[in-house]
Structures are given as C-alpha cells and as structure tokens.
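Both of the next two complexes hold chain A, though its partner changes from chain B to chain C.
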Partner chain A sequence: MKRRTFLKCLGTSAAAATAAGVVFPTAVGAQSKSDIGACRSIKVTVLSETSWFNNDVFKKDITDGGGASTNQYTVPWNRENSGGYSALIEVEALDGSRRKFLMDTGWNNDWMDYVFQRHGIDKMLASGEIDTLLLSHWHLDHYWGIESTLKHNPKIKIIAPNTHYPEDLQLLKGAEFKVAGAKNTVPHQGELLLVDDKTIHAVVPGLAIKQFDVPILLRVRGENVIYANIQGKGIVTITGCCHPGLLTLYNFAKRNIVGGDQTYGCYGGLHLSLFENWDPKFDDIIKGAQSFKPEKMGCNHCTGWAWAEKAAQSGLPIVKGTDTYKSYPKISSVARGSNVFLTNGDTVIF
Partner chain B sequence: MNETKSNHLLGFALLLGTFALGWGVWHVFFAPNGILKLYTPMYGFALIAAYFLIVVVMTDVFGLRNEAGKPARALLLTLVSFLGLFVLFYGFFWNFLGRFGVTYFSPHAIVAAGGTGAEFYNARENSSLAIVYLAASFLWIIPAWRAGVGEELWHECGRAKAGIANFFGIAFFAGLAYLILFHPHVTSLFYPAQTFAGVPPWWEGVAMTASAYFNLGWLLTAVFLLLLVESAWEGRPASLLPKDGMWTILSPSLMLAGSAVAGYLLFLGMEAVMNLFWEEPFLGGSYVDAPYFRHLHVAEMSGFFIMGLVIWRVFFRNAPGQLPPMARWVVRTLAVIAIGLLLRWFYYSEGIGTAFLDRVPGLAQPDDTPLAWTLMMLSLMLVYDRFFNAYLLREKTR
Partner chain C sequence: MNRRTFFQAGERQAIDAVAACVEEVAQLRKGLTAVAQEVLAVGDSVMDSFFDSYEESYSLTLAYPREFFEQMARAAGIHCDERETLDIVRDLYRAGKLG
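Presenting the complex of A and B:
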C-alpha cells in the first residue's frame, strides 16, 4: 500500500475515534468553484522590486530589532538601505479595452518618487488613469511609501487585506513613526476596501483578489493575492511577496476557481531564498512546481536569486530579465548576471 | 475536603504560578517584542533546547537531584545548569566544535567561511537549528537508554561513575542518530548544498520533503511514548525486559528500535488526523499544505503531550494512585491527552495564548514553533521538580 493510501485509511478510522474538532480548525472546504471571468492579456511592469539594496544591512536591522516576529514599526531601519516594491498592472479585457492598476507603493519615499516619475505613474495617478491601488500586504517595503501615491491622488481607492494593525491605519490617515522612519503627510480620503479571507473579490473580469490570512515575518499577517485568468492560457498569480506560498496558491485555484486546474504562470516575489540562503523546503517547491506545469514564471524581490537560478537550472520556465535595472540610480547587491529576475524596469506579458 | 483534593488544588495553583513565571521568562528573554528578544526564532529555540537537555542530562543521566529539598543545593544545581548552558552553547558549540570541527555549529565560523547568504543572522539561525537537532537526538536516546538499561549498568560504581559511563553510551547513539537523521538537513542549508559532507536528504521520497522535520516528527513522538511508558504506565512494558548479560546492550537497542517503530506509527496516525482537517499536504505546499509543517506539527503535538505528562506527574502527583494498574494507566493517558490538547488550544487561541506569548496570530508560521515555549515550560517544571523538589507541593505530602 502506498503511504498516502495508508494515511487515508488511517484517517478514516481516526475520524471516528477523534473528537478533536474544536482543536483543529477546518480548512476551506470544497465549496462550488468561483468564476472570475477571463481577460485577454496582462502586462506587468516592474517599477521597483528592490525593497532594500543590501541584504546584510536589512538582515542586521531585523536581528538587532528582535528577529523574525518583531513589530516592524519599532525597528530603527537603515534609511539609506530602503527602496520599495511596486508594479504596474495593465489588464486587457476580452473586448480589447485596457485598465491600469498600481500594485503596492514601495517603502522609501525618495526612491518611490523617482520610480513613479521615471515611469509616469505620477501622472497616471493624478489624471485618474490609475484609480486603484492594490495593496498586497502591510509589510513596510510594500506599504510605507504610501505618501508617494497619495500625494498625486489622495482619493485613490485602496484594496487591501483586512489583517491590518492599528499602526497601519494610522499611517494611512497621516502619521509619523520616528524610530522606524515611516511617514505619511497626505491623509487618505478615498475608499478603503478591506478584503477578508472568506471570499474571492472580483476586480474586473479575469482579475480577482483572494486574501490568505497567514502569519508572516515582522508581525504582519495576511496577503492579498491577485488571480488572473488569461483566456485560453490559464491562471496567473500576481503577488507582492507570495507569503502564503506559490504552490498553495495554485492548489487553491485548482480547488476553488473555475479554470484553476490550468496553471499558466506567476509574477512577483515568491518569498523563498530572500536572504540568498538555502533551505531544503526550497527544493520541495522546485520539485512540486513541476507538477503544476507553469509556462511562464516571472519572479523577483524576495524570491531570491539563488532560488530563481536553481529553478531555472531545474527546467522551470523562469522569464529572464534585462539589464535595464542598471540604469536606476541604485542597484541591489545580490543582482547577478544570470538575469533570472525580472528586475527594475522590466516587463512581462501573460 | 480530603488531603488529596486539597493537594491537587495546591498543585493547580502552583501550575498557574509556573505559567506566570513562564510568561515572565518568555517576555524577558524570548518574546519578539520583549526585552532580550532571543526568539528570532531559531536562536532562542536552540538556547531553550540546549538548556532543557542540560537539565535532563543532569537529573536523568547523572542523577543530580535534590530529594531532600535543601534550598542551598537547589540553588547550586540551578546555577550549575545555567553555567552549563553557557559552556555548552557558546563554549562548546560556537567556539570549540564550530571552530575546530564542524563549521555549521558556529555562526562565526559560517560567516568566516563566506559565500552567499553567509551573514550573522542567518548563520546563527542555521547553527541554532543544528543545535536543536542534536539536542533532539539526545532527548530521544536518553529515555530509551534509561528504559533499556535501567539502573543496571555500572551502578555498583556509584552515581558519578555510572553517570559518566551511561553518558558515553548515550552520546554514542545520539551522535549516530544525529548524523543520520538530521545532519543531511543542515548540510542542505547552504547554497550549493554541502553534498560531500552530508548525503542529500534520504527520506525525501517517503516524507514528501527534504526537511528533517520529518525525522523530528516521529522522533519526538517516540520520546513522548517513552516518557508515557515511564511515567504514566509505571515502566510497562519496558521494565519487563531483562537487563543482565548481553541484555545490557540488547535492551536499550530494543527500546530504541521499538520506540522508533511505535513513534512512527503514532506519527502516521497524527498526520492522518491532520489530513481530515487540512486535506492532504502536497510536495512544495506552504503553511498547512506543507508536508514539512505536518511533520513538524506532529513534533509540536508531542511537545504538548509531553508537557501534559510532566504537568500530570509533577502537579497532580501522577494521579490516580489507588485504582488497579490498568485503570491507573488509562486514566493517566487520557489526562495527558486532554491536557496536551488543551495546551494546543491555548497556544493558538488568538485572544489568550497568542497575546500571552506575543505571537503573530495564526497557524504554521515558518518563524514560530510552539516547541520553543513548550521546552521552556518543561525546563521550568523540571527545575522545580528535581532541583527544588517540587517546593511547597512535595513537602506538604510528606
């Protein structure tokens, strides 16, 4: 008997024997699948994926600040080292019309101002061409640069996970956290749509948001994941850090989204070897990913160059980036010639 | 109210006191937003595991206890255990073994070796994981050895000599267990994997992960079963094994093999129960979908059950004392399981345990394991039980 079959049999008999239902929460069950519609294509422009430029400095800040679960608002972060994570998402509908969304707003305001100006995001925000900010999660490198967005349009609609802490909302309303170096002087005046982890939130046909309420680094919890359904191709996940885990996201789509059994690709940070270290579980993900047969994997940020290189060597379809990032005023200390990252200034079309 | 009942009430009060003390210790030393913030997580976890091991070695291997309950001896033993932690952790691992033998036991040696990702924080987390694994190996061998050898081996030489002799026997098997069960995980923590120093994880096929949490899972389950036998079942069936002649080595070997098999079966059972709630894990899944988390969670559950066992023995005098043997064993086993499940509920409950321990709410966080808190509480309870002879509680029963 195979181990899995054996486990299943054991499980069935244990079901009768156990009364531990109160102790283990039930997983999202097998409800009927959600239809998120479809779009023709999606283009992602990497505005900035360099949340910090020197890993060692960032890691030292975490160490000195109390380790993985410490509160990000109490750590005296090195201001010179901060950059930010942000991407422009352009959705082409089935009728050919296009809509633009801003995903995440970075960390360091000076850096984000430069990035937004370089890509014309400032004007798109001011003109209303971009009217919605999709905040993936409340991590400093995705959120603390909020002023750079709000100063061009304080009324912008924000869709974010409902797993915020009081400090997060204070910053949104205008506040300064001196020790941590987080500041926003432009209070948000628009709609704030907080997504819970129960429902799949439709944005436009072919684009939906699902929140995964998982505990993550630096006391943060919960991440909004963008699911895109590309007509004839399949599901693409677009993530900030992908804290819930890429294959868990694919698996969720399989179980819960119409057409979810066809995986097409991914874009974003994948939260793997973010400190260019290794762990056997990264190998698990390389091996496990192959069974989902993705066709286009664009990754950067907390994916880690080490993981992306090993994944590419193992035959996963990692989309190569260009050297455009070198024309930015700062570059990451871990960037390598292998170009396995879609990095600053690169684009990918799904 | 009869004497037993009032003693249980006192025991319960002292247990609450231990929780309060645990809260204090956790917040001073470990909590992420506390004072020293050592729970990074692996660094604090390793310190706790090493300390727990020292207390277990002192009391279970060298028999350094304080049955007379003398305050001076209690303080001395506690002091020795703390000194032992410093010597073992920073002296032996960081500055001796790590510098002159196995790089990964010392963060300084890892950083000195250079290469990608070799900075202090990460290096310290990695060396800490190795220390946790080594401690786990000892924590399995010690009760198996004790159950197999009993007081038989070298006991005529006196406590110190017998302790030393037993320690070397234990260390031999623990070292071997570590090398086979855990070392291949630690050598995979580097990029590229150190395949000339350790084989690629050989358990991958059956475990659905390259992580040695698989071995940690069944190993701690085995520890739980060994302690259950010793404490709740009054040594049965281990005490039935002959101890003389060739049995001196056969019995502990049988205990090791037997506990591994029994531990593995219980491990499979616990994973089957998890499958009911979270569906099947799959290769490369994360959080509750991750096979390595399921394995780790078995270890964590075993930690809760071991804590239940110790709570029942120390604070509730391993009740009931009067019933026939079989009934006693059943009642104790049920009590231990109930306390273990209660502790699990406490740890993950958002309002209570999560706030109490300064955790991020939620399950399966890669940077959190209840084992750290469990082992810290177990250390406090063992120190109270064996160094302080269950002060207030045991005195009153005499």
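Presenting the complex of A and C:
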C-alpha cells in the first residue's frame, strides 16, 4: 500500500474515500469489509454485445489459428465476422448528479464507429461527458476497437486490469498487427490506471472495480468486474465476460463488500453457453444463482441464449430485451425470438 | 497573565498534546490493521479453489467446446482420453498454457 493511500484510509469515510478514487484492500481473511458507498441507480445501455456475428466462423478462426491458447494478435481473424462489446454506464449519485462511463470499446472499428455515432457516444467522448473508459479485459472483442474511442478523446482516462501483455500496450500507444487485423492510429495520451487483484478500486460512490486474475483463452488473463451498490436494493455486478464466474462474484461481494449480503442483480456477459452448447452442469449454475435471490438479471454476449432461456424458464429474473437490435446493420446468427438477451440498443436500470 | 492563568493555559496545551498523541496512535493502529488486511489478502486468490469443481470453473471449463482443450492438450502432450474436462484444463493451467 502506498503511503498516500495508507494515510487516506485512516479514518476516512467511504464517501470521502470513493470521491478521492482510493483503493480499499481486499478484506479476504480479515474481519472488515470494504465500504464502496452507494448510488441511487445505474442505467446500462447496450451499445453492442455482438462481438462476432457467427459462432462457427469464430470457432474456425480459433482452431485454424493454432488453437485457444494462441496469442490473439497472431490469429488471422475473419474481419467480416467481427463486431464488438461495449456499454454505456450512467451512475446516478445519491444527490441526483450523474456520471457517464464507457465500458469496453469493441473490436471492429467500422462497427464501433457506427455504434458510437448511433448512440451519440462520439459526441459524449469529444465533449468530455464521458471521460473514463472502464476496460473489462484485454480480449480483442472488448479492446481492439480502441481507436473508435481515442479518435474522439485521446486523453480519456482508462481503467484496465494490470494483466496486459506487451502487444496490448503497443496497440494503445499506436500500432498495427496486420495478420490479426488490429490497428490503432491514435496514441493514447491520458492516464492509464492498472488495477491489481489485491484491492477494490473505488471509482465514484457506489461504483467500484475488482480485478480477478483468472485464466482466459487466447493468451489473456484477468478481468475487471464492476460492483455497484444501489442504495436500498443491493449489489449489482457489471461484467464484460464474467470470466471469474457469476457465483464467484456474488460470493466475493458477500464476503468483502459492505451490503454484499444483498444481491440485486447483474448485467453483461456471464460466460456460460458461449457457443450455444449445453452441459447438464449448467443447471447447477442456475440453482446456484437462484440461491443468491437476484431481482434483475440483464445478460447477453457470452452468456449464451441457451442458458438465458433455461434460466428464465427456471424462474431467474432475466430482463427481456426488445427487437431494437434488428435495426442494426448486422444481426447475430444465434439471436432468438425469446428476447432473453438484452441486446444491441436495449437498456436496463438498476 | 497571572501565575494561575499561566499554569492553566499550559495544562490545556499539555492535555491537547496528549490527546493529539493518542489520536495519532489510534490512527496508526487503524492503518496497521489495514496493511495487515492487505498482507492477508495477498495470499487469497480466486485461483486457490478455481479448479476444485465445475461450479467454480464453469466459465472456463464448460463455456468452451471440449475440442478446444483437447487441441491445446495434444499440443502440450497432455493425455485426454477418458478424462474429465476439468482435469485436462487444470493440467493445461499448471503447464502454463492458459492466459
């Protein structure tokens, strides 16, 4: 712990601490929990959850590219199949003021340029209304669209996991990886805050980030998870892919965050039936999630429609999406009429 | 200032100084507790129990097709036949083939 952080932790209230953007030590094994403060509400807009449009093409790219442990920067990805994952997070503080954050920046720059223009993200970035990018992890479909963000504000603050590889930072500084089709011509000039897995990083009162250093395929590891504490309602997890697993995240909150006993919900990819595969053990995950009694679950992306449909049938409070996604120029080949995904253009309020 | 006032003022200063000292010690103690918590947290990791079960590791072991792991295992010389995916992935992790 840095001396400054150490001193800030002394006798400061959670609100003051979060306002200062300090870190709380993870209280695992200790007696106290971290107080991340509270907010009044969180609104999430799904800018794009279609990282790729055809599962078979994506799987083939991985297999033909050398397998799932291959460095993602060396795989010749099918560009036509790439989209991206990104969401707008609006935090309403207890005093009614609002802050906007961009979570992830997608993959294909053409796709992300369209998405950002459609939702006015380009203008919010340029004006500084959005001044922070919360990067969940360094996977191509969450990060390689970085130019689409930086072209509007190269000085944007970025909060990311500290589990990066050299290529990740090269891309951030401006680089091209021709084989993989990753390119950024706008060097990042702002603050890059790398979060380790030992602390809980407070962003604003009621919103904090915890990094979980878990193994991920395509030579990526570690994911930053957003924990939100909605006053009077409970904890919400906001994830890019939820590589650590939803039950692990809820358990962590229970043990380490003040108010973590009360689970309110989740938003994001939950990393279950990613390729619409089904394993009977997924039923246990549904039961596990039920035991936390969530009230609102907004899921998409790597959750898999198969799991989301089964979860909804089993009584989990899956928030239904709309048909807005059909007005986007491309549609996922696995989208179904059940609308169990919050998909492109949908919103959810916690 | 007469002699009595002089001593009263000095006493107050002394008391204030002692109070400040006590407060400083209390804060230092709190700080040490925070540091101790962090030290304790260093040993804790999701990975300590990640491969104990599918419930812990499903986001990795069940989310991808088994053939992904078999391809990786073959390349790493890890045996796959009649083995649980969980065991194969654990071996891949231990062999440094994940992340």
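We take it that the second predicted complex is superposed on the first by the 318 of 350 C-alpha atoms of A that agree within 3 Å, B and C clash if a C-alpha of one lies under 4 Å from a C-alpha of the other, contacts with A are read in each partner's own complex, and residues count from 1 in each chain.
Everything below uses one rule, namely that a residue touches a chain if its C-beta (ideal position, glycine included) is under 8 Å from a C-beta of that chain, and two chains touch if they have at least 3 such contacts.
All of these numbers come straight from a predicted model, not from anything done at the bench.
A.B. asks: What is the contact status of A:60 with respect to chain B (first) and chain C (second): first, second, both, or neither?
C.D. replies: In the superposition, A:60 touches chain B alone.
A.B. asks: Once the shared chain is lined up, is A:302 touching chain B (first), chain C (second), both, or neither of them?
C.D. replies: second
A.B. asks: Could you say whether A:214 touches chain B, chain C, both of them, or neither, answering first, second, both or neither?
C.D. replies: A:214 sits against chain B and chain C alike.
A.B. asks: In the overlaid three-chain picture, which partner chain does A:260 touch, first (chain B) or second (chain C), both, or neither?
C.D. replies: In the superposition, A:260 contacts neither chain B nor chain C.
A.B. asks: Please indicate which partner A:32 is in contact with in the superposed arrangement: first for chain B, second for chain C, both, or neither.
C.D. replies: Touch partner of A:32: chain C, not chain B.
A.B. asks: Between chain B (first) and chain C (second), which, if any, makes contact with A:68: first, second, both or neither?
C.D. replies: Both chain B and chain C are touched by A:68.
A.B. asks: According to the stated criteria, A:285 is in contact with first (chain B), second (chain C), both, or neither; which is it?
C.D. replies: Both: A:285 reaches chain B and chain C.
A.B. asks: Looking at the overlay, what does A:276 touch: chain B (first), chain C (second), both, or neither?
C.D. replies: Only chain B is touched by A:276; chain C is not.
A.B. asks: On the A-aligned overlay, A:197 touches which partner chain: chain B = first, chain C = second, or both, or neither?
C.D. replies: second
A.B. asks: Please identify the positions on chain A that touch both chain B and chain C, taking each partner from its own complex.
C.D. replies: 6-7, 10-11, 25-27, 59, 62-63, 67-69, 213-217, 219-221, 244-245, 247-248, 273, 275, 277, 279, 281, 284-285, 288
A.B. asks: Which of the residues in chain A come into contact with chain B in the complex?
C.D. replies: Checking each residue of chain A against chain B gives 3-4, 6-8, 10-11, 14-15, 18, 20, 22-27, 55-56, 59-60, 62-63, 65-71, 74, 213-217, 219-221, 244-248, 251, 273, 275-281, 283-289, 291, 306, 310, 334.
A.B. asks: Of all residues in chain C, which touch chain A in the complex?
C.D. replies: 27, 30-31, 33-38, 40-47, 50, 54-60, 62-65, 67-69, 71-72, 75, 92-93, 97-99
A.B. asks: Inside the complex, what are the residues of chain B that reach chain A?
C.D. replies: 32-34, 37-41, 43-44, 116-117, 119-122, 124, 126, 185, 188-193, 201, 206, 208-212, 268-269, 271-280, 282-292, 341, 344-345, 358-365, 367-368
A.B. asks: Okay, in this complex, where on chain A does chain C touch?
C.D. replies: Within the complex, chain A contacts chain C at residues 1, 6-7, 9-11, 25-30, 32, 59, 62-63, 67-69, 163, 197-199, 212-217, 219-222, 241-245, 247-248, 252, 270-275, 277, 279, 281-282, 284-285, 288, 302, 304.
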